[in-house]
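Order as written gives the chain letters A, B, C, D and E; numbering starts at 1 within each chain.
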Amino acid sequence: MGMAIDLSTSGGILVALLPELVLTGWALVLLLAVAWRHKDDNDQLLVGQLALMGLVSTLLVVLWLWVRDAHPSGPALMIALDPFRYATAAIFLLGAILVVMLSLGYLGRERVAAPEYYVLVLLATVGMMFMGGGADLIVIFLGLELMSVSIYVLAGIDRRSAFAAEAAVKYFLLGAFASGFFLYGVALIYGATGTTNLTQIHLQITSLGLEANLMLLIGIGLLLIGFGFKVAAVPFHMWAPDVYDGAPTPITAFMAAAVKAAGFAALIRVLLHALGASDGVWTEVIWWLSVITMIVGNVVALAQTQLKRMLAYSSIGHAGYILAAVASGSEGGAAAFLFYVLMYTLMTLGSFGVLAAVGRRGERDVRIDDLSGLASRHPWIALAMTVFMLSLLGFPGTAGFVGKWLVLSSVIRADQILLAVLMVLASVISAGFYLPVVMAMYMKPAPSAEAHEGTQLVGAARWVVGVTAVLLLLFGVWPNRVMDVAADGADGLRPAPTRIFTD
Amino acid sequence: MPASVGWVWLVVVLPFIGFLANGLMSFIRPQAKNAVTFVGVGVLVAAFAAAVAVVAGLAQDLHAAPFVFTYWSWMPVGELELAVELQVDQLSAVMLMVVTGVGALIHVFSVGYMRDDPGYPRYFAYLNLFVFFMLVLVLGASFPVMFVGWEGVGLCSYLLIGFWYLDKSNADAGKKAFIMNRIGDFGFLIAMFLIFQATGSLSFVEVFEHAPSTFAINGGMITLITLALFLGCAGKSAQIPLYTWLPDAMAGPTPVSALIHAATMVTAGVYLVARSNVLFAMAPISSVVVAATGAATALFAATIALKQWDIKKVLAYSTVSQLGYMFLGVGVGAYAGGIFHLVTHAFFKALLFLGSGSVIFALHRAYHATHSHEDAQDMRNMGGLRRYMPWTATLMWIATLAIAGVPGFSGFFSKDGVLAATYARGHDHPVFYFLWVLGAVAALLTAFYMTRLMIYTFHGPNRTGKHEEPHLAEAPWVMTAPLVILALGSICGGVINLPHVLPGAGWLEHLFEPVTELSHRYLPEVHLSANTEWMLIGIATAIAFVGIVAAWQLLKPAVIQPAKEAPVEAGIQKVLLNKWYVDEIYSALFVRPTVWLSRHILWRFFDAGVIDNALVNGSAWTARAFGFVGSAVQTGRLGWYLLVFVIGTLVLLRTVM
Amino acid sequence: MEVISFWVFSGIAIISALLCITRKSAVVSALWLVLTLFSIAALFVILDAHFIGVIQVLVYAGAIMVLFLFVIMLLNLGRGGPTDLPGWLGHAVTLGIGIVLAVELWAVTRIVPATEIRLPAGTLDRVNEQEGAVAMISGPLFREYLIPFEITSVLLLAAIIGAVVLAKRRL
Amino acid sequence: MTELLANMGYDNWVLDALLALPLLGALIVLSFPSKESKKIALVVTLLEFLLSVPLWWRFTIGTAAMQFQHSYPWIPGWGVSYRVGLDGISLFMVLLTTFTMPLAVLGSWNYIKDKLSPYYALLLVLTTGMLGVFVALDLFVFYVFWEIMLIPMYFLIGVWGGPRRLYAAIKFFIYTFVGSLLMLVAILVIYVMVGRATGVYSFAYDHLLANISAVEAWAFWLFGAFALAFAIKVPMFPFHTWLPDAHVEAPTAGSVILAGILLKMGTYGFLRFALPLFPAVALHPTIVNIMVGLAIVGIIYGALVAMVQPDFKKLIAYSSVSHLGFVMLGIWALTEQSVAGAIIIMINHGISTGALFFMAGMLSERRHTREIAAFGGIAKVVPAFAAVLTVVSLSSVGLPGTNGFVGEFLVLLGSFGTYPWATAVAATGVVFAAAYLLWALQRIIYNKLDKPENENLPDLSGREYLVLIPLLACIFWVGLYPKPFLERIEASAKALITTVQGSPVSTVLDAGSEEQLP
Amino acid sequence: MQAVQGAELLGPALAVSAILFSLGVAGVLLRRNAIVVFMCIELMLNAVNLSFIALAQQLGRDGHIFVLFVMAVAAAEAAVGLAIIIAIYRHKQTVNLDKVNLLSG
C-alpha cells in the first residue's frame, strides 16, 4: 500500500506537486539560460537540450510517484494523487519530449530565433499536468489557462510568418471566448453545489440529490462547451484547421496531441469523478458531439489536398473517437482514452515529423501528391509514414487498431452499439484520405528527378520518427503491458456511489 | 460369369490409349503418319476384337441379368453412392458392336480421306477419344457415368466439327453443336436430380428395380423425369426443336459426319430412351411426346432434305429424319424396333456418308488439281460421276435402296417394323394412326430425295467442268473397302429382326427381353394379325417404289446448271432451301436478344452504370462532395467561426436543459 | 436602500455594456466598458464583496482597461477608420442569438441553492467585521488556495514571457 | 513416413510453422539482393507446400473435431489467444493456399520486372495472412489476419498492377474494409454479451459458439454484419463490382491469388462463422430467400455479363461471380452433397480459374493486351497453349471427368432436394457457362489467324509447363477420383449441417426488426 | 433582514450577470475589431464574476477567491492577447478580423 501523502502539511504539498515544481524550476533555469545566451542557433540548441533534460527528469519524478503509488492520506484538496494524474502527466511529458526533439532541428532550419519557445513548451506542459491532476475546478481552470496562454504564444512564435500571427490571433480570441463559457460553467456548478472540489461536488450531488438540478445542468453544459473547444469537438472546432495550419509544425503536433490530450484528461476527470452521478445528461451530449465530430472531421479531411490540413482534420476525427470513449462514461472508457491518446500522440508526432522533414516554411504548401515517389528515394521515411497512416486508420498490426478496439469495446460495453457502428463507418471514410498518402509514396512516380532532394530528417527528428514507428508496431502486436497500465491508470477514477468520505 | 465379359474394360481403355498416343504424336511428331495410322486404327480393331470377345461371353447365356463391373468409388457423399462402373447387357452389347464395328471401318476410311491433312495425328486422337467416350456412354452402368460419355462425345463432336478451326463458320458450327447439346444436357441433369430424389440412387439396375414401387404409373414425377430425359435426347439426337446443329455439323470432315453424326453419337438419345424403357413405359404421356416428336421430325426434316444442293446437307437432314423414326419406334414401345432401325441406319447411313465422302474427295482432288475454288459438295457441280467412280456409285445405290425401304434391304425391315408398331398402337389411341401417316409420308419423301441425290450425283451429264473432268477418279481401296463391308451390312442387316410374319422373326426383340421385360408389364407388345402385317408391308413397299420412280421421272439432271450459274430459287423452294428459316428464327428469338440484354442492359447499364457508378463510386463521390462543402464552410473568417460556435452553444444548452 | 442601489447600478452596467458593444469607435467602446466595470464593482460591494470591489476597480478599470486604451492608441485606432459593425442582418442575427442565450441563461435565476449548503444570512458581513475585508480573502488564499495561487504566478510569468516574445521589436 | 513426422511432433508445430515460415522468408527475401528474390521465394513457398502436404495423411478422417489444434495466450487480459486448428473444411483451404503460392511465384517469374524483393516479400506475407484466416480459431485473431492480408494485396495491385491500378487498389481496399469493420463491431458485441452472460470474456471460437444464445436478441444484426463482410469477399451479387477491377488490374499472380484463395475466405467465413453462429437467422425464410436468390442471380447474371466482356481477365472475373454463386447455393442448401460440393467447387475454382488467370497472364505477357479481339486462330501457332486452354476452359465449364463437374453436380444434386426450383434455374448456368467460355475460346484460339502480330507467338515455355501441369493434374484428379477429398470433408460437412439445423428458426424477423435496432 | 435581502438579491444578480454575459457574447459576434472583440470577452468574464460574487454571498467566500483568480487570468490574457493583436497588426496594418483570413478551407 504505497506512500500516503498528507496534503495538509506543506511538506506533503511539496511532494504532491513535485513534478510540476521540478518542471517549473527547469523552466526558470531555461529562462536564465535564455537571458544569458540568446545569440545564435547553438544557444537555442542548448536551451532545447536543457528543456529535454527538464522534461525527462520530470517524467522520472512522475514515474517515481506512480511506482510508489503516492496517494493522499486525507481528502485530495486541489491536487489529485492518483494513477490517472500520473498516467496523463506521463503522456503529456512524452508528447512534450517528442515535440522538443522535433523542434531542435526545426527551429534552426526555419530560423525561428526565439529560445523562449522551449520555456513556453515547458510551461504549457505544466499547465497540462495541472489539468490532468487538478482535484478542484479552480486548479483545472488555471492549468487550462496556463497551457492556453503558452500555446497562444507558441502558435504565433514565428513572427516572420503572417500565417502564424493569424493562427495565434484566431486561437487566442476563440480560446478566450471559450474560457468565458468554461468559467460560467464553473460558476454555476459552484452555485449548485457550493464547492469546486471534484470529490465534494460528487458527494453534494449524491447526498443532496442534485442530479437534475437545472443550475448544475446548465453549468455542465457550459463546461462541456469550454472543453469542447479545447479538444476541437464539432461545432467548436472551427479554429483547429486554421490554427494547426498556420502554426509551426512541431507546435501543431503539440496541439494535436498533448493539448487535446490535456483537454480530454480534464474532461474525463471532471465528468467521471465529479459529475458521474448525473451522467444521464452528459453522456447524451457527448454522444452527439462524438458522432458529428468524427463524421465532420473525416468527411472534410477527404476534401483536403494539403497534407498538413488533412492531418488537422483527421485529428478532429480522432477527437470524435476519443469522445466516443468518454461517452461510454466508464472507467473502461477512461482506460481506452489513456491507451488511445498515448498511441495517438505517437502517431501524430511521427507523422508531423515526416511532414516537417518533407516540407519547408511551415509545410503549408506540401500537397499529398508531393509525396509521390518518396518510397523510392527515402524508403525508410516512406515506410514510417505508412506505419503512421495505417495506425491512424486503425489497421490491425498497429497500435492504432488496439486503441480503436479498446474504444469500441468500451462503447459496446455501454450498449451504445449504434455509436460503435458510426465510429467504424467514420473510419472507413478515413481510409479515403490516409490511403492516398501511401498510394502517393509507393504507387505514383516521382514528378521530377530532383524531387525529394531536400527531404531529410534533421537530428533528433530521425529518432522521433523511428522510435514512434517502432513503438506503434510493437504495441500493435504486444499491447498487453500498456493496456494493463492504462487500466490501472483509470482505476478508481469514477467513485463508487456508496463511497462515504469524511471532510 | 463368362470370363471374357470381364474384358470390357479393355474395350474402353484401348481407344483411350490411342487418344493419348496420337495426342502426344500431334505435338512431338506430327509427320509420323504411319505410326499414327497404326495406333489410331490398331486400337479400334483391337477394341472391336475385344468387344467381340465380350459379346461372345455374353452370348453364352442370352437371358443373363446385366453384368455390372465396379472399378472405383467416384462420388460417395452421404446416401449418394456413386461409383465408376460399366454394365454389360444385351442392349449395351448391340451398341458395343455397332460402335466398335462401324467405328473401326470409318477409322480405316479416314486413313485415306485425311491422308494429306496436316492435322492427321490430331484427327485420329480426337476420333479415338470419341470412340472412348461413346463406349463409356453405352457401357455406363449409371446415369452419371453415362453422362460422362454423353458430354464427352459432345466434346469430341465439338472438336471434330471445328477440326478446321481457322474457318470461322466451322468453329461456329462446333460451338453451336456443343451449346445446343448442353441445353439438352440440362434436361438430363434435371432428370438425374429428380431420379435421385425419388429413388435415392442413380445406377440403372437399382433405379429400374425400384421404379415400379416408387412411381405411380402416368404419375407427375415419372412424366417429369422422362420428359426431362427426352429433352436430353432431343439435344443429342437432333430432334425438334434442337435439331439445327446437326446440319451445320457437316462442317467437319466427312468420316466424322459418318461416325458421329450418323452412326453413333446422334443415336445416343434413342439408346437412352431404350435404356430407361421402364421409366418411359410408366409414363405414357411422355412416350406419346417422344413418338410425336419423332414423327414430326421425320417428316419435317425430310421436307428440307428435298431441296438441299449440298450433298452432305441432304444426308444430314435425312439423318435427322431417320432419327425421328427411331424415336417414333421407342416412343410407341417398340424398343427393339427402335434399336433395330438404329443398327441398320448405322450401316446404310455410314455407307452413304462415306460414299459422299469419296465423291467429295474426288471432286476436291479435281478442283485442287486445277486450282479452282468450286464447292466440292454441291450436287450441281457433280452429275454422271458413275462413269468415273463406279464402285462408289454402286455401293451408294445399295444404301439408297436400303434407306428408301426397298424390300429385302435392311432399311425396309427396320422402318417397316417401326411403322407397324406405331400402327399397332393405334387401337390404344387413334393418335398413333396419325403418327403412322406422318411416318409413311416421310418414308415417301425419303425415297424421293435419296433418289434425287443419286440422280444428280451419278447420273446425267457431268457438270464439274471441262478441265476438272480428266482428274475425276475412284478413291483408293483403303476408302472403298470399308464401303463394301458396310454395303453387306445394309443389305442383310435386316435378318436380325424380321417381321413376325416371316420365319425366325424378332430375334432382336427376344434378345432384348431381359432388358425390356419390366416395361412390357406396362406396355404390352401388341401383335398385329398376319393380314394387317402383310398390308403394311405392301404399303411400305409401294411407298418406296412410288418415291423412287417419281423422282426418276420428275427430275431431269440434264437441265441442272453448275452451282455458279444456277438461278436463284424462289417461293416454297427458297423456304425449303433455307430450312424453313429456323436458324434465323432462333437467332432472332434467343441468341441476339440474350447477347444484347447482357451487353447493354446487364453489363453497361446495370453493372457498370447502376451498381458501380451510381452506388459504389457514387457513395464515394457523395462523401467527397460533403467534404468540399465542409471545407467551403471553413471560410477563414473569425466572425463566422464565432457564429457557429455560439449556435452550437445554444443547441447544446437546449439539450442539457 | 441596497436593493435600490443594486438596481440602479445594474441598470447602469447593462446600458453602458450595450453602448460599449454598439459604439463605432474603439475608444468610446473602451470608455463605456470602463463604466460598466465600475458599476459591476459597485455591485460587488453591494453583494458584501468589498475587497473584490476595490480590486475590481484597481485591476480592471485601472490596469487592464488602461492597457487596452494604450494599445488602441499605439495602433492608433483612436479615430475609427471604416466601421467594424456589420449590416442590419448582422445586427438582427446577433440580437436574436443574444436574446436566446439570455433566455437560456435566465433559467438559472429560478434556482436557489439548496438550503443545506447555504450559510446563515449575513455570514460574510460578520466575517467581514471580524477579520476585515482583506484578511477575509487573504486567509484562505494562502492556505487552502495556496496551490492555485502559485499556479497563477506561473501563469503570469508565462504571460509576460509570451508578451515579450511576441511584442519585442528585434526579430 | 507419417509416423516419423508424428514422432517429430509434426501435429503440434505444423500450423505455427506454416504461419511463421513465409514471414521468415519475407525477411530473407528483403535481406538479399533483388535478383535472388524470386529464387528464394520459390524455395520458401515450395518448402511451405512440402510442409503442408503431410497434413493430408495426418488428418484424421471421420471426425469433425478441430485437429492439429493448440493455442498460446496473446492478450490474456482480454481473452485473446493465438488459437489455431484445422477441420475438413479448412484443411483444403490451407492445402489450396500452399499449393497455389509456388505456382504464383513461378507465374510472376518474368511478368514482374521491377521492385522484385518487395514483390516477393509481399507475396509471402500474403501467404501468412491467408493461412491465418483459414486456421484461426479465435475471432480476434481471425479478424486480424482477415485485415492484415488486405495490405499486401493492396500493394500488389497498386504497385505492380495495370494502368488503372490505383483506382482498383483503393476500391478493393475500401470495399473490403467496410464489411470487415462492421464485422469487427459484431465480433465485439458477441464478445461482450457472451462475456456478460457467462462471466468469461474470451474470443475463443468454441466458447462463443457454445454460448451464442446470449446474443439471441441481436442475432439478426450480427448475422447481417458477418454476412455483409463475407458477401463482399465472396463476392455475392450485388457486392461484386470490386472484383472485375481488382482482377483486371492485378498482376497475374495477384489475380490468381485473388480468385484462387481470397474469394474462398468469404465462403469459408459463411461456413465457419455466419452459419454456425447464427443458424436461427440463417435458416429464417426471409434470409434464405435473400441468400439463395442472390446466389442464383449471381450464377446467371455473372455468366451473362461474362459472356459479353471484351477483356479476357474481366470475363474470368465475372465467371468467378457465377461459380461462387454455386458455392453459396450449395452452402445454403445444407445437404451433405451440396455442402461437400460447395467445398469441392471452392477447391476447383482455385484450380481452374487460377489456371485461366495464369493463361490470361501468359497471353498478356506475349502481346501486352488482354483484349479477346486481339487474338484469334492462335491454336495454329501455339497448339500446346491452345490445348491446355481448352482443357482448363472445359473444366471450368464443368465437363464430366474434370473437377468442375464433380462440384457442380454435387451442389445441384444436393440442393435440388432443398430448393428444386432454385436449383433448376441454377442448372441453366451450365448452359451459359458453355456459352461464354466456348465463345471466348473460339475468338482466342480458333477463327482466322488474321493478326500479323499473332503469327509468331512463342508456345508454352518450360516454366509455364511447370505452372500448368500441376493444375491440369488436379483438374483430372478431382474430376475422376474425388473420394479422398470427399471423405475428408464429409464429417465436417455433416457436423455443420447438424449444428445449423439443430436449432429452431429465429423469430427475430417476425418480431419485427425495428425494436432490434440499436 | 440581510437574509431576506441576500435571498432576494441572488436571483436578480444572476439575471444581471446573465444579461451582461449575453451582451458580451453579442458584442463578440457583432464586432470585427479585434480589440473591441477582446473587450467584449472581458465583459463576459466580468459577468461571470458577478455570478460568483452573488453566489458567494450565499455559499461562502470561496467565490471571492475565485473572482480574484479570474482577474489574474484576465490580466494574463490581456497581456498576451494584446501582444498577439500587435503582432497581427504588424503583418496586416489592421486589426479588422475580416481581413484576417489567409488560412481557410
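Throughout what follows, contacts are C-beta pairs under 8 Å (C-beta built on N, C-alpha and C of every residue); 3 or more make two chains touch, one makes a residue touch a chain.
In this text, all values refer to a predicted model and were calculated from it rather than measured experimentally.
**Student:** Suppose you hop from chain A to any chain it touches, then on again the same way; how many hops at least until you reach chain B?
**Tutor:** The fewest touching-chain steps linking chain A to chain B number 1.
**Student:** Which chains are shared contacts of chain B and chain C?
**Tutor:** Correct list: A, E.
**Student:** Tell me the chain pair with the top count of C-beta pairs in contact.
**Tutor:** C-E
**Student:** Centre-to-centre on C-alpha atoms, which chain is most distant from chain D?
**Tutor:** Of all the other chains, the one whose centre lies farthest from chain D is C.
**Student:** Which chain has its C-alpha centre farthest away from the C-alpha centre of chain A?
**Tutor:** The most distant chain relative to chain A turns out to be B.
**Student:** Using CA atom means as chain centres, which chain is nearest the centre of all the protein shown?
**Tutor:** D
**Student:** Quick check: how many Å separate the C-alpha centres of chain C and chain E?
**Tutor:** Measuring from centre to centre gives 6 Å for this pair.
**Student:** Express in whole angstrom the distance between the two chain centres, defined as the mean CA positions of chain A and chain E.
**Tutor:** It comes to 27 Å between the two C-alpha centres.
**Student:** Which integer distance in Å separates the CA centroid of chain B from that of chain E?
**Tutor:** 98
**Student:** Provide the C-alpha centroid distance between chain D and chain E, rounded to the nearest whole angstrom.
**Tutor:** Whole-Å distance between the two chain centres: 66.
**Student:** Tell me, which residues of chain A touch at least two other chains?
**Tutor:** Answer for chain A, listing residues that touch two or more other chains: 138, 142, 145, 149, 152-153, 156, 159, 168-170, 173, 177, 184, 188, 191, 194-195, 214, 218, 241-242, 304, 432.
**Student:** Find every residue in chain B that makes contact with two or more other chains and list them.
**Tutor:** 620, 631, 634, 636, 638-639, 642-643, 646-647, 649, 653, 657
**Student:** Which chain E residues touch at least two other chains?
**Tutor:** In chain E, the residues touching two or more other chains are 14, 21, 24-25, 28-29, 32, 38, 55, 59-60, 62, 65, 69, 73, 76-77, 80, 83-85, 87, 97, 100-105.
**Student:** Between which chains is there touch?
**Tutor:** Those chain pairs satisfying the definition are A-B, A-C, A-D, A-E, B-C, B-D, B-E, C-E.
**Student:** Going by the contact rule set out above, which residues of chain A touch chain B in the complex?
**Tutor:** Answer in residue numbers: 169-170, 173-174, 177-178, 181, 214, 217-218, 220-222, 224-225, 228-229, 234-236, 238-239, 241-242, 281-282, 284-285, 288, 296, 299-304, 429, 432.
**Student:** Per the contact definition, I'd like the list of chain B residues that touch chain C in the complex.
**Tutor:** Checking each residue of chain B against chain C gives 639, 643, 646-647, 649-650, 653-654, 657.
**Student:** If you look only at chain C, which of its residues touch chain A in the complex?
**Tutor:** 104-105, 107-108, 110-111, 113-114, 116-118, 144-148, 151-152, 154-155, 157-159, 161-162, 164-166, 171
**Student:** Considering the complex alone, what residue numbers of chain D touch chain B?
**Tutor:** Counting only chain D, the residues touching chain B are 171, 174-175, 238, 241-242, 301, 304-305, 307-309, 335-337, 340-341, 377, 379-380, 383-384, 387, 394, 399-401, 405-406, 409-410, 412-414, 416-417, 420, 423-424, 427-428, 430-431, 434-435, 438-439, 442, 445-449, 480-483, 486-487, 490, 494.
**Student:** Where on chain E is chain A touching in the complex?
**Tutor:** Contacts found on chain E: 14, 21, 24, 28, 34, 37-38, 41, 44-45, 47-48, 51-52, 55, 59-60, 62-63, 65-66, 69-70, 73, 76-77, 80-81, 83-85, 87-88, 90-92, 97, 100-105.
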